[in-house]
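Across the two complexes that follow, chain A remains constant while its partner is chain B and subsequently chain C.
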Partner chain A sequence: MGVRSMGYAGEILHVDLSALKAEKIPTDSYVQWGGGNGLGTKLFWDFCKDKTIKDGRDEKNVVVVATSPLCGTATPSAGGRCEIVGVGFGHYPISWFTRSNIGGRFSSMMKYSGFDALVISGKASRPVWIEVTNGHVRFHDASLLWGKKARDTQLTILTQLDDKNNGWGWQPLPGKKESVAYSTQKPAVMAIGPAGENQVAHAALVHDAGNTSAQGGFAAVFGAKNLKAVSFFGTGYIELADPMAHVEARFRLKERYAPDPENPDLFQWGMLGRAAPINFAGSVSKNSRLQACVGCIMGCRVRYDVGYGNETKCQATAWYAAPAAHYYKGDEKKIGELALKMADYCNDIGINTYAFSSSVRWLEGLYHRGLLGKGKQIHTDLDFSKLGSEEFGFAFLDALAYKKDIGELFADGFVQGAIKAGLEEDYKNGLLNHPYWGLAEHGYDSRAEVEWGYASILTDRDINSHDFNAIFWAATLATLNGVPYRIDAKEVAQIVADKLKPYVKGPECMDYSDGNIYSDDVMQLLRWYIHYNRFWKNSALYCDLRWADLFDTNAKDNVGATADSEVGEQVFWNAVTGEGIEFTQGLEKGHRIYLLQNAIWALQGRHRDMVHFADYIYEKEIVETELPFFMWPCRDENGIWSYSDIRHRKIDKEKFEDFKTRFYKAEGLDEQTGWLTKQTALKYGLDFVIEELQEYDKLAG
Partner chain B sequence: MSDEKKYGGMDRRTFLRTLAAAGVTATAGAAFMLPGTNLMVMPNSKGYLVVDMAKCMGCVSCMMTCSTVHHGRSSLSLSRIQIQQNSFQNFPADIHMAVCHQCEDAPCVNACPVEADHVDVLFGNVRTIDPDKCIGCTQCIDACPWLPKRLQFDPESKKVQKCDLCANTPYLKEKGGPGGVQSCVKVCPTGAIAYVDKMPDQDDTTSYNVNLRGEGWSLLGMTTEDMKREG
Partner chain C sequence: MMQQPTRQQAREFLRMLPYDAWLYAALMMPPKLIQKRSVKTLDDLELLLRPASNAIASVDLPLMCDWIEEKVGDVALAAQIRQEALTINGYKQQCQKAHEVLLLRIGALKKAAGVLDA
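Presenting the complex of A and B:
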């Protein structure tokens, strides 16, 4: 091993599944890419020899599981995230090079075992799983694991590795001499369930009880590669450049922003300071605890004593709650229980709830329209009159995961299935609301919350980044509950705009009134959003549910922790790595990563003409949203700020195309094609892409 | 010879307490060996860590901060507090918190053949290990009656370490040790670790697990009831 940069484990592990061989690569030459998304993108570029592939299940695809320098440290809400990149599966019309993310303790264990990233290439000739223990790599036969669900798979592996009760006592590691290496910890396993084995687009990678890497379809890619699971276990350490500064910043951040668990402000506005767990099913037992990923400032999940629902959260707990509420009218206990059991089962079979949760409503509509049922246009043996029941829920999930019944039709994605079934019109008119790249809307309509939609279509997937979205939730819930706004619209716009400098001039970037959503101000906000994501969130691996903290009522002045000179993202980054960068330099790194990804998308076949929403976004005004308001700061004709309902509009296609042109220009991309230009490649140190882009005639300028 | 015979029918701890009652104590000074015996008489620590295992959320921030303030490195294996977590278990057995008890009659101190594991009178009588003296024999680990062991072997330095209540923390800005800052207490997001100056009941194996959940905790939907746990 060469020189070990501060914050890094020092080596990258490459496994060639075709040859069942492992090699170790020094991390040092990749340090300029930070970690996570940036590190993974550069590794993909170097290891994937054919970047024209359009389906992640192609044997030539390379998947990278990458950590950041912050992983395995007590950096608040950043120590436990892990990024996965590669060509995904399930997008429409092309499965792009994309990304996903998983929490828990997988990334920290990977680093403690000696590796900053795992590069997976080739395809095993038979099912395998990989064990990594303190730098040692072993390929195991997984034929007996194939067919098992994710939970059982992990428990089987843990038992196999834990044969001396290691992990629940202070014991020597397996195969080690006593007193050499000890741990009280358990290996961290990431596995696929049946959905991944069956290579369905909505399959999810699962780690521990409730961590999933769901969007992107990487579990299908694992399945195609015959890779059932990966386990990391290590007793190592991460060297910090300035340990005292790191500890001080963590203490300071807790003091200023963290929720007080003994006096929780349940109506707090902001990200870092949120106290309550993110669970839409309600609590099924008070005999429970908050549960957190490594290093988190506040747990967002719960473990109960009831034997189900552990670590489930957010959409996984929401997707079946509404059907169940309809079916079990008034039986709150049953509804909550079923919502959590369904979430549990999704994690067990390894399936992405976002991929199908809105599609359930569409399927129900097809049933009522007489298009879905026994002998109908789409045949199914599932009884949709029992949608919401326990029996239906499990049967529906089994169909999707095991590619049975309607699961066969929708295995490549719901848009693809709709087209096969002759229902493309439903995709176009938004009955099947998949606005970007054939992927399900996240719940925030692109016609209302435009930065979410713009960023999704100008990258590769549902952006799933709540930086600005926190405003929607705070203002909308306050409106819904008839309580005062904690921060008025003018103030929040000013606070956020101050955080976004020098990208934006002032608070007008936050004005989402109809006349401003195509402005240069919003375009600059979008650029900040993408760059922030690509570096601070996806590469440094700050958690989306805590960062960016743009505004925060836990602070006296309502100003959030993001970019703060004492507790901002860069403070922890610098304390760990010693790089000494400014917050905005991280954004520049994010820009560079985004440019490199544009080179990959171009090789895959992207052109700006393809970069558009589903037709309904341009043609139909919003009919309904999940909540009865969609509140956002807006200015009226007199320049007066207020929170306004921004539903009831559509996107103007011509104006959006002009917005794209200005965006491409600002990014340094070619306005005609959206491709990287030679000039930009040279300017941003991406000269290594030029030859390959020229070979495929995908370099502009 | 069994302890009972050696100490006049009393177990070791009862015997020491009898001595204390008779005025033979070391509270004002360093530990000393009682003449004619193999008994170490040691002053009580002036501080202790107690935990609430129902309040911990398993983020292991305490572990990473512990190793950081002591070693400048973030590591679970170099942490003097150990949080064990089984994601597939149900509450409350899914998490176990293991802190050094700063035992009244610390077996690890008694077991050390070179007096590396000692009572530090300069830092509130905390039981601690002098790394310069430690020979890595791990007899202290063997002597610790708890599982997981409350002492850790560092395979790189080949020394044993234990909780010193942050007395010797080159990377902690504030003063640590009894009466000072304990980094695990300060960093814990939920307040699941507390520093107390009253010795927990040494005869009760559950006494280091206390209830640190106030009424505010119930607003988060979690129980505030007492939960006895050993460790």
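Presenting the complex of A and C:
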């Protein structure tokens, strides 16, 4: 047992699946990396002996499931997140070292059982699942679980762990006397379904009913490692450095930002206290209640009385509603019911709806173009004339998860499948709108909302971080509904700029007009965005649905909680850890994590010449009918601020290349290659990467 | 008052359009959920514009009128929406009015075409 730092469980668990052995490592030497993404990245660096691998299914890949000091505490919308890192699967042209995230209570249970992270290396010779109970590790044969869906897998494991089999969920505690040998708590299980077993790129890890780690393809990596599930169970606790400061900050946060639960404000500007839930349930049932991850102040999922759709949310509930609306001619009850049932099924077979939801429209187009169907360029037995029906929905998902029919063609990713089928042009021209690394657009076009696109292409995946995106939603919804802007454009730009200091000089960083999107001001905003995400969101594990809270109309002065001296991210971090860091020190940690990740990407084969969007981003303007407005603060030629529509443009390739050069320079990366320089490695305490980078001739300078 | 279509015209306007004539649109559901839609028929458009408490149509209304005129071919409907809906203030109000006009037109088209709703 290592020295216990505040907020940390104290040990990291490494499981070698090839040898079916487990070892415990003190967390102490990793504390400087915070948790989550930073902790996971450093562990990956230390445990993965061949970082040149380009496919996460490679036996040499190492996956890290990492918590943060905040996990298992009552930190608002941070206690229940969990980060997963490693080489992923499904990117194009190379599956990068990447990240994913999952909510619920998995990270809490991992810490209550005594561990801050789980390092998974090697490959089991046969299917296994891992049980961790209060520090005790057991490898179980998973032969009988293989083939089961994610929920059945979890249920089987929970039943097996309930050794009295009395249905009360009494969990045996190893090493305890009989009289105190049981706990009534429920283990937290993370499992793969058939999609993961079949190693398809769009497979998702599933925990409880509706928590999924979808982006990154880590379920396919679990499948390749013959790892069906991991269960954590513990009776421990998390020691806080200053519990009273933590409680006080939480109350202050509530006083300033809590919404009125009886009267949710759909047009609130900000992230904390934003209305919930986030799903497309239609009119399925009014008899429901919200459900949340550990420590969350809101809850974004719902439990219904109808027996399906429980804890599903967001895109999982929306992807099939559109085809269903067409097929069932607007029958709202049927559409809502089907939206939830399809979401349920996606979570059960363990599949990532974001990976294929925009591709459904493309596939439908292929069918109507005569390129998809029986005996067509892409043969399928799926009857696309019935797209939107219940029968088709299940058959389509089965094809993807079980690698059948068209599921086999697209198992490595939709761009990869399009290329194999001779339809590369659709990828280039944006009919298949996968703008960065062969991954699906999230809904926010990189030509309009540039920070989303820039950050996605300059990291490893769809950034999926709504920090600034909250502005698009607030301003666009206000415009659509004809309600007043709660904060005018100049004020919101100033509020955000104040939050981003010292990165930015002033509000011009928020000006997304055509002439400003390649400026140093926007480049500095991008740097803050990446650093913030790498530490505060991905490492400290603040939830993307509530943080960053840059502006917030629930507060009297419209100023959000982020970086605030009384309720900011660092306040809770310090109350838990006792580190006493400034908010900006977290950003510096995020910068360091990003630099280390650049070292890994370079070893995998990244060069700045590869860092570009799909062709259509440079060559075509946005399809103008989809969103009537994409509203954002902009300045006109006289410097006057207003919310303006920023749809009508494409990205200028030369200007973006110049932007990249300035970005690399500011980050301390080599301008010619995008690689880490020796000088930067030494400056940021990354000297441990130098030898390996030199060995592969990937160190610049 | 729009001119009554012939049976043949009505059937033509109600048809499913070929792929390259689809209208791209979306539903926006606060607080932040976008559901992208391919509008292939006037019925689809009616569903998109149908007022709902938890969602609002997301479509460029002037371009939608161009689509009705050029792709669907219903010049009278496009003109009526431009005249009745696009001249009033507010996107939401424009959508509601466009929906009213469209709903009436679809009823008339179905009657003329001899099509019964399921």
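The criterion applied here is as follows: the second predicted complex is superposed on the first by the 673 of 701 C-alpha atoms of A that agree within 3 Å, B and C clash if a C-alpha of one lies under 4 Å from a C-alpha of the other, contacts with A are read in each partner's own complex, and residues count from 1 in each chain.
Everything that follows uses one rule, which is that a residue touches a chain if its C-beta (ideal position, glycine included) is under 8 Å from a C-beta of that chain, and two chains touch if they have at least 3 such contacts.
Everything quoted here is computed from the prediction, not taken from an experiment.
When both complexes are superposed on chain A, chain B and chain C end up sitting side by side without clashing.
Look at A:275: by the touch rule set out above, it reaches both chain B and chain C. Between chain B and chain C, B touches the greater number of residues of chain A. In the superposition on chain A, A:625 contacts chain C only, with no contact to chain B.
In the superposition on chain A, contact of A:539 is made with neither chain B nor chain C.
Of the two partner chains placed by the overlay, only chain B lies in contact with A:291; chain C stays clear of it. In the overlay built on the shared chain, the residue A:73 is in contact with chain B alone; chain C does not reach it. Contacts of A:361 after superposition: chain C is touched, whereas chain B is not reached.
In the superposition on chain A, A:480 contacts chain C only, with no contact to chain B.
Using the contact criterion defined above for the overlaid structures, shared-chain residue A:318 touches chain C, although it does not reach chain B.
Note on the composite model: angle chain B-chain A-chain C, taken at the C-alpha centres, equals 100°, rounded to the nearest 10.
In the superposed pair of complexes, A:260 makes contact with chain B only, with no contact to chain C. Nearest C-alpha atoms belonging to chain B and chain C sit 10 Å apart in the superposition, given in whole angstrom.
Residues 266, 275-276 of chain A contact both chain B in one complex and chain C in the other.
Taken together, the chain A residues at the contact with chain B in this complex read 72-74, 79-80, 104-105, 108, 112, 151, 154-155, 167-170, 179-186, 208-210, 235-240, 243-244, 246-248, 250-251, 254, 258, 260-264, 266, 275-277, 283, 286-299, 302-307, 310-311.
The part of chain A that touches chain C in the complex is made up of residues 266-268, 274-276, 278-280, 314-315, 318-319, 321-322, 325-326, 329-330, 358, 361, 364-365, 368-369, 443, 466, 469-470, 473, 476-477, 479-482, 623-629. Residues 18-19, 22-38, 40-41, 43-44, 46-47, 50, 56, 58-61, 63-64, 67, 89-93, 117-118 of chain C are the ones touching chain A in the complex.
Taken together, the chain B residues at the contact with chain A in this complex read 54-61, 64-65, 67-69, 71-78, 82, 84-88, 90-92, 94-95, 98, 136, 138, 141, 147-149, 152-153, 155, 171-173, 183, 186-187, 189-191, 214, 216-223.
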